[in-house]
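Please read the structure below before turning to the comments.
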Amino acid sequence: MNTGIPIQYFLVLATIMFFTGVYGFLTRRNLITILMSVELILNSVNINFLAFNRFLYPHKLEGMFFSLFVIAVAASEAAVAIAIIINIYRRFTTINVEDVNEMKF
Amino acid sequence: MINFSYTIWIPLLPFLLFILLGLAGHKLKPKLSGLFGTGGLAIITILSYITAYKYFFTSEKIEGAYQKISAFNITWLQLTDKLHIDLGVLLDPISVMMLVVITTVSLMVHIYSLGYMKGEKGFERFFAFLSLFSFSMLGLVLATNIFQMYIFWELVGVSSFLLIGFYYQKPSAVRASKKAFIVTRFADLGFLIGILILSFNTKTFDFITLTDPAGSAIAQGGGIAFMGLSVMTWSMIFVFMGGVGKSAMFPFHIWLPDAMEGPTPVSALIHAATMVVAGVYLVARMFPIYAFSAPAALEVVAYVGAFSSLFAAVIACTQTDIKRVLAYSTISQIGYMMLALGVSGYGGHEGLGYMASMFHLFTHAMFKALLFLGAGAIIHAVHTNHMTEMGGLRKYLPITHMTFLIACLTIAGIPPLSGFFSKDEILAAAFHNNKLLFAVEYIVAGLTAFYMFRLYFSIFWGKETHYHHTPHEAPATMTIPLIVLAIGSVFTGFIPFNELVTSDGKVFETEIELIVAIPSVLIGLLGIGIAFVMYRKESEISDKLAAIFKYTYKWAYNKFYMDELYLFVTKKIIFRYISEPVAWFDRHIVDGTMNAIASVTQSVSLRIKGFQSGQLQKYAFVFVTGAIMLAILFIYLWK
Amino acid sequence: MDILSLFVVIPVLTITAILFLKDARHVRLVSAFGMGLQLVLAAILVYLYLSARHSGNIAEMLFVKDYLWYKSLNIHYAVGVDGISVAMIALTSLVVFAGIFASWEVEFLKKEFFISLILLASGVFGFFISIDLFTMFLFYELAVIPMYLLIGIWGSGPKEYSAMKLTLMLMGGSALLLVGLLGIYFNSSPNGGQLTFNILEISKVAIPLPAQRLFFPLTFVGFGVLGALFPFHTWSPDGHASAPTAVSMLHAGVLMKLGGYGAFRVAIFLMPEAAQELSWIFIILTSISVVYGAFGAIAQKDLKYINAYSSVSHCGLVLFAVLMMNKTAMNGAILQMISHGLMTALFFALIGMLYGRTHTRMINEMGGLMKVIPFLSVCYVIAGLASLGLPGLSGFVAEMTIFVGAFQHPELFYRIVTILAVSSIVITAVYILRVVATLLLGPTTNEHHNHITDAKWFEKISVVTLIGAVAAIGLAPFWLSTMIGTSLQPIVNKIIALNPF
Amino acid sequence: MSLGTIFVMRHELLLIAAALLVLMAEIFVNPDKRRYISLFSVSLFGVITLIGFIPSPTGSLFGGMYVTSNTILLMKNVLNIGALLVFIQSVTWLKKEENSEKISEYFILLISTLVGMNFMISAGHFLMFYIGIELATIPIAALAAFDRYKNKSAEAGIKLILSSALSSGILLYGLSLIYGTTGTLYFNEVAALFGNNNLQILAFIFFFAGMAFKISIVPFHLWTADVYEGSPVNITSYLSVISKGAAVFILIILLFSVFPEIIATWQKTIYVTAVLTMTIGNLFAIRQQNITRFLAFSSISQAGYILLGFIGGNQLGMASVIYYVLVYIFSNLGAFGVVIAISNSKGRENIEDYNGLYHTNPKLSLIMTLALFSLAGIPPVAGFFGKFFLFTAAAQKGFYLLVLIAVLNTIISLFYYLLVIKAMFINKGENPIEKFRSDFPTRFALGICVAGIVVTGFASILFEVIRNLSFGV
Amino acid sequence: MAFNQIMFILFSAMIIVFSVLTVTSRKILRAAIYLLFVLVSTSGLYFMLNYQFLAAVQLTLYAGGIVVLIIFSILLTSHLSKKFEHSGWKKNIFSAIASLAGAILSIITILDYKFSATSEVAKEVDMRLIGKSLLSVDYDGYVLPFEVISILLLAAMIAAIVVAKNGGPAKAQSPLINQK
């Protein structure tokens, strides 16, 4: 069906995307960009699921449905996160993650 | 077979008295408690005499030998299957003899104390302690087994401690009592180790089994060798160490002169007549083992005795405190007894030394107690211990003077007083065995006469010093004991010890050997003569002599610096170089380690607080790296 | 309700009664009543035990009650006593009883004080009656924990530090112990079948040797910490010094005995092979304890420190004797536990009473007290004499049994070490006499002490109880020694089967 | 679907119904009667908790999506008990003026997280598991940020939601690999197809990291302290007990029933992380000044001990874990209950503030002591038994060294628990918390906790029941 | 080279490039736009894989919903003109190392693994099937997750409200208000 493209390509692509997201999570200072990195991570996982489903196990739809639900969860997660970020902004007047460290040690 | 089981009351009665006086003494009138104590002792004195009579004259002999009779025995503590500590009464010639000695002297001292201690605070306490001592000492001599002996050995030590420290508010008395206890305790350690080794080898504590020449204990011989000496020799040397301590032999003699801080009756009873001869008694008690299994140990006994007697005699010549002179004299005399045992053999005439030793023990008890009690009477009269502050007392204290003179003559070995006989037997025994030791003892005999008469002349003659109060003779309670003991000193020499107390219980023939007796009397007289010249009147000879032998004198006066040596060892080495470092080590190293564990934990906790930085991204970083590291670890490194 | 459980129930009931008391003044009366009852109960137990033995009951443990508790792990609440535990129970009830009277005048948080004290006691009683390792361990920890509050709240000096140190070190010991116990449990049935915590059942099987080698040191050291095994003894000086009187009494008198008892009952009894194999290591450690503790005591100035180090020395002797693995030495070990328990409690009681009067524990700040407070001073002297092993008092009996027993060891090394341990009696004499001489004898050095009063009635009860026991054991040790000796037979048989000598 | 099958799902269904009822109440109840919502919710939840104990048929529904068994029911009941306690403890706090507007939201969110947890535990499929875990997390983040006017609360919220997003990302990546290598996400099928190859181990590690985050296992724990400190104390106690407990339950189920093939790997993983967790948690706890932060680190180290029950893969292990969670619920909620009571009435949350507490509030300090002793594993309270069983479970499989490390760690933990006890009993407070009387719900909840702490250990029947319902690898 | 290969290269190149840009861009709005590109490219991949439904969901929900939400919040909270400061180089390097290590580890492990496809017949993914599966209570049916996710969404909604809702003394204590 998907002639010529080995599944590994998809997996590698997803992995790269995943760790790019991780990199973003670890380095970006803005809370919203961190949230964006999280979206990258979730997306890469979806690619994985779909690739597996399509290439290896097309007799069931588990991968696809999983992706579907991941998207839904991601949406709700993003909603709550953004609500909190806005609250943070109101409290701290900044959304720089490095400044949000009242509690430590 | 005569029933001797009543003898258990001989030690038990003083014990009950002790309990009574100890618990209720302060509620009784002092006089009453004194009477209780003395009365109790009178009863047991009578009992002892009866026992002695029955034992020596009516009991059945087997093959002409006095038997060891176990009159009473109960198991007090079962240790192993074979080893058990018994408490009981063992009657044999020496224990019966000791009964007589102890009860006699003790009774005299009790009576004497009624006068001497009158009005002292703690009168009842004094009698309680005396009762305790009598109990312990009687228990010691009547012991049926070596462990019982050790038990009472410790108890006499404690009674001695309590009595030396009777004037507990006097720092010197406290020091002296402490010293006495610790020194003897150290020696007792040897005793205990000796007991342990002995019992390990022989599997018994029992004297009858141990000392039966045909018994298993002796039959097994010396046992394996350890560091050149047989195990039995080692054990006997260790046991003897206990005797050395209790009998104040060199090098454990240092406590005895200090012990004179105690009330004088105590010095007479404990530190002259009874307790200090316990060491001699111990060796005598174990004598068959020494003789058969550990002759090398016996030699040690002889040499220690000889050296101590010489050493102490030399010091005695320089001391000025009358009680200290007597104390060194005691050491010297006990040295004699030790030597006599050391040169003795077992059985028959070979056992002359043994007999002589016991004989001398007996006579010494009488005259030395007399001397001490006399000294007490003097001190009572003039309130000082120093003979330099005395002189010309013969006018004031006639009875004391006479009895003291008798005692001095006795100890100097002038016939026909008792000291002559016993000392002569010892010299004879030494003469036959070891000429070197004989020579030493011969010199000591002269020295003894010299220092005793130095004492005598300085006190009763010489220049009359000024006294605050006119000295007056002591009350009858004090003089009667003096007279009784003086009579004893004069006549006890005629008791036929060779028929009563011998190494194997059998009679053997002795006679006065003139080849020994005459020179010994002569040297005694020589000593008296020198003392007469030097101290009869005030003279400068003594000072000149002291100046000539400056260093010797100084050393002897300072008791050859033994006290200082001991102080150095205890204060410097034990305290400064062991205890304090141990304490420091414990606080700083051992405890420090424990604290260090705690503080390291704390500081690690402080160090790693950076991980909890409050930075979300650092958290995430740790999270991610943690996951990756775990993955690497379990996929590639530790599969 | 069986008689043994009563030993735990009565303290609990007493605590409950105290909790519901309205009037704080009655607290001590209730405590005294409860613990007096306990003492009577202990006497009854001794009587019942002896008469049971007399009538020919030769079971290893008497009055055994066994309730299944956790079925799946085969954990039981199992109690039973032999002569040794009976003796320890008697000791405990004596010391606790004396302790109540010694703390008669505690005012600060009185209720709490007595509750903690009795809680501690119930832990100790529970420990001694247990024959199930789990309940034993439970009671063991239960006994340790109230110490923290007792020292921390009612102590003196650097009490918080000491309390923490004591608790942590003891719990550290119990940490090792726990692993050891689990090890024993999982090896309690090497041939398959039900695992068990029951000591009697475990003693009937042979734990595999490799397991023993692993778990014996853990168990022994675990108990050893409480038994003041060098170098894990350092909680003891600080803890004792800071603790209030009754707590020091209970702690040194009873709690430290848990260590010796446990080392004996669990470590040696259940794993004799490893004990024999490894005993030389611990013999060295314990003999260091013995001598080192004594030397340490010489250099101290604080009465409680002196006594604490002396406890290290004496308790070291307990472990030392236990490791000698023969009947006599072990008998001595038990006797020494009892004897030391009594006399050290006596010591601490007296020190507390002195401190209450003079407000110092430094020996160089006191002197000549004999004249001022003869009763207490005489008692102190008696305690001292007991401690240095005077015949006629309990210390002598115990020490001599240990020394004679230890010296029967067939190997020369052990005998030489024994001689080393024996030498401690001299050092003991040195420090005891030093204290007695400085503190009690001589002229009064501190004029403030001229007007202090002698013991009050409750103090006398406390002290006389203990002295009476010390003297009773010292004068007539036979029955006690025999009672213990008979109970030692099973373990001795086990050892003999192992290595006949 | 029959009524019986619905009854199989009764925990979830009832909770959803309850959430909806509360929502209805919020909508339809007169605003000035809102304060009764607390009472309503709590009693509703109490009823649900009781109903949970009714024996019921078990089995799987939705083609294996939803699985339940007696073990799982037990776990749910345990969680319900804990949640009920948290609910009761919240009542006083919710009475405060600043919270009065959000009472029903609070309950709805908490109930929905509980629904999530229940679905998570009952999951038969990784999708359900994933949704459950998210449902159990996302609302909590909002609750952490509940105290809007507090910076710390907001910070706690953002830290929680972002780190949990990252962790679930990693977990999802792991799940995707599991799916890729087995072709299925049904638990029972995965179990059969899982093997000891590199990719699956990698998948497992990623999955484990995600779970470890929920249980706050070192090194995935760093969010814990900050979130615990910042959140309202009620939420903290919920997080530390219920969330953690649920995650522990599902992890042990998964390890035992889905990953038994790679037991060697996960034993090693747990070995390493358990040691790290106990030690690091303790080391951090030593130094804490804030009582909730202190309890946070303590709960981290507690998680380390719980891992000891996992490591053997034995039936005893699972039993001890469930039992310990139960004990831990009582102990930790007891401790938190006191903290909450004090925080509510006096607003003080530092350990120093507890100085001399015993002299002013003896009962509270006694409860606190009891709870801390239970956490430290001191007999005769339940914590001792719990710890003992955990250690026994590990020792059964020969992990003696690990047990030794764990018990030595309990010494450190004892140290800091004693520090609190010292503060209450020994230290002299210059400004002690005045005497106060807490209201009925607080006292009621504390009473239950105390009863639980005291009784659970002695009543061996509880453990026996749990053990019979447990299973091993 | 087949069409889908080219498409794959195109999409994957876009995904990687824009992903990297998303996480490195110093302007926040741009980053959001790059994210949008990534998401769109991903949906392209989904199309390629014949998951049209999912691609559509991706476009509407993700690209249309979440990204809009994000941009909305950016507008609320950020000064758009302002460039980000460079984050610390240490942070960047360590994070890069960690991410690279993770990526390499995962890629190696993935490439190492022999994937085996199922032999069963593939299902054609059409809307009917999706709908049936979504409402199926049987094996491979997803009605339960579907229901639960609805609770999740409800809860998330309430959660967001809770966070946003004013309450209590909030106004008085807001630092924002205090500043003004």
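Observations on the model:
In this document, chain identifiers A, B, C, D and E correspond to the written order of the chains, with residue numbering beginning at 1 in each.
What we mean here is this: a residue touches a chain if its C-beta (ideal position, glycine included) is under 8 Å from a C-beta of that chain, and two chains touch if they have at least 3 such contacts.
Only a predicted model underlies this, so the values are computations on that prediction, with no experimental measurement involved.
Least step count on the touch graph, chain A to chain B: 1.
Counting steps between touching chains, the shortest path from chain A to chain C takes 2. At the centre of the protein atoms shown, by the Cα-centroid criterion, sits C.
For chain pairs D-E and B-E, the one joined by more C-beta pairs in contact is D-E. Set against the Cα centre of chain B, the chain with the most distant centre is E. Rounded to whole angstrom, the centroid-to-centroid distance between chain C and chain D, based on C-alpha atoms, equals 42 Å.
Chain E has its Cα centroid 5 Å from the Cα centroid of chain A.
Chain B and chain D have Cα centroids separated by 77 Å. Chain D has its Cα centroid 27 Å from the Cα centroid of chain A. Looking at chain C, one finds that residues 168 touch two or more other chains. Those residues of chain E in touch with two or more other chains are numbered 91, 94-95, 98-99, 102, 105-106, 109-110, 115, 118, 140, 142, 145, 149, 152, 155-156, 159-160, 163, 174-175.
For chain A, residues touching at least two other chains, in rising order: 11, 18, 21-22, 25-27, 34-35, 51, 56-57, 60, 62, 65, 69, 73, 76-77, 80, 83-85, 87, 91-92, 100-105.
The set of touching chain pairs reads A-B, A-D, A-E, B-C, B-D, B-E, C-D, D-E, using the touch definition from the header. Contacts from chain B toward chain C in the complex involve residues 75-80, 83, 85, 147, 150-152, 154-155, 158, 165, 168-171, 174-175, 177-178, 181-182, 185-186, 189, 192-193, 196-197, 199-200, 570, 574-575, 578-580, 582-583, 586, 590-591, 593-595, 598. For chain B in complex with chain A, the residues that touch the partner chain are 609, 612-617, 620-621, 624. Interface residues of chain E, counted against chain A in their complex, comprise 1-2, 4-5, 8, 12, 15-16, 19-20, 22-24, 28, 31-32, 35, 38-39, 42, 45-46, 48-51, 54, 57-58, 61-62, 65-66, 69-70, 73-74, 76-78, 84-85, 87, 91-92, 94-96, 98-100, 102-103, 106-107, 110-111, 115-118, 120-123, 125, 129-130, 133-134, 140, 142, 145, 149, 152-153, 155-157, 159-160, 163-164, 174-176, 179.
By the touch rule above, chain D contacts chain E in their complex via residues 1, 16, 19, 61-66, 96-102, 105-106, 108-109, 112-113, 115-116, 119, 125, 127-128, 131-132, 134-135, 138-139, 141-143, 145-146, 148-149, 151, 157, 177, 180-181, 183, 197-199, 202. Within the complex, the chain A residues that touch chain E are 1-5, 7-13, 15-24, 26-30, 32-33, 35-37, 39-40, 43, 46-47, 50-51, 54-62, 64-65, 67-69, 71-80, 82-87, 89-93, 95.
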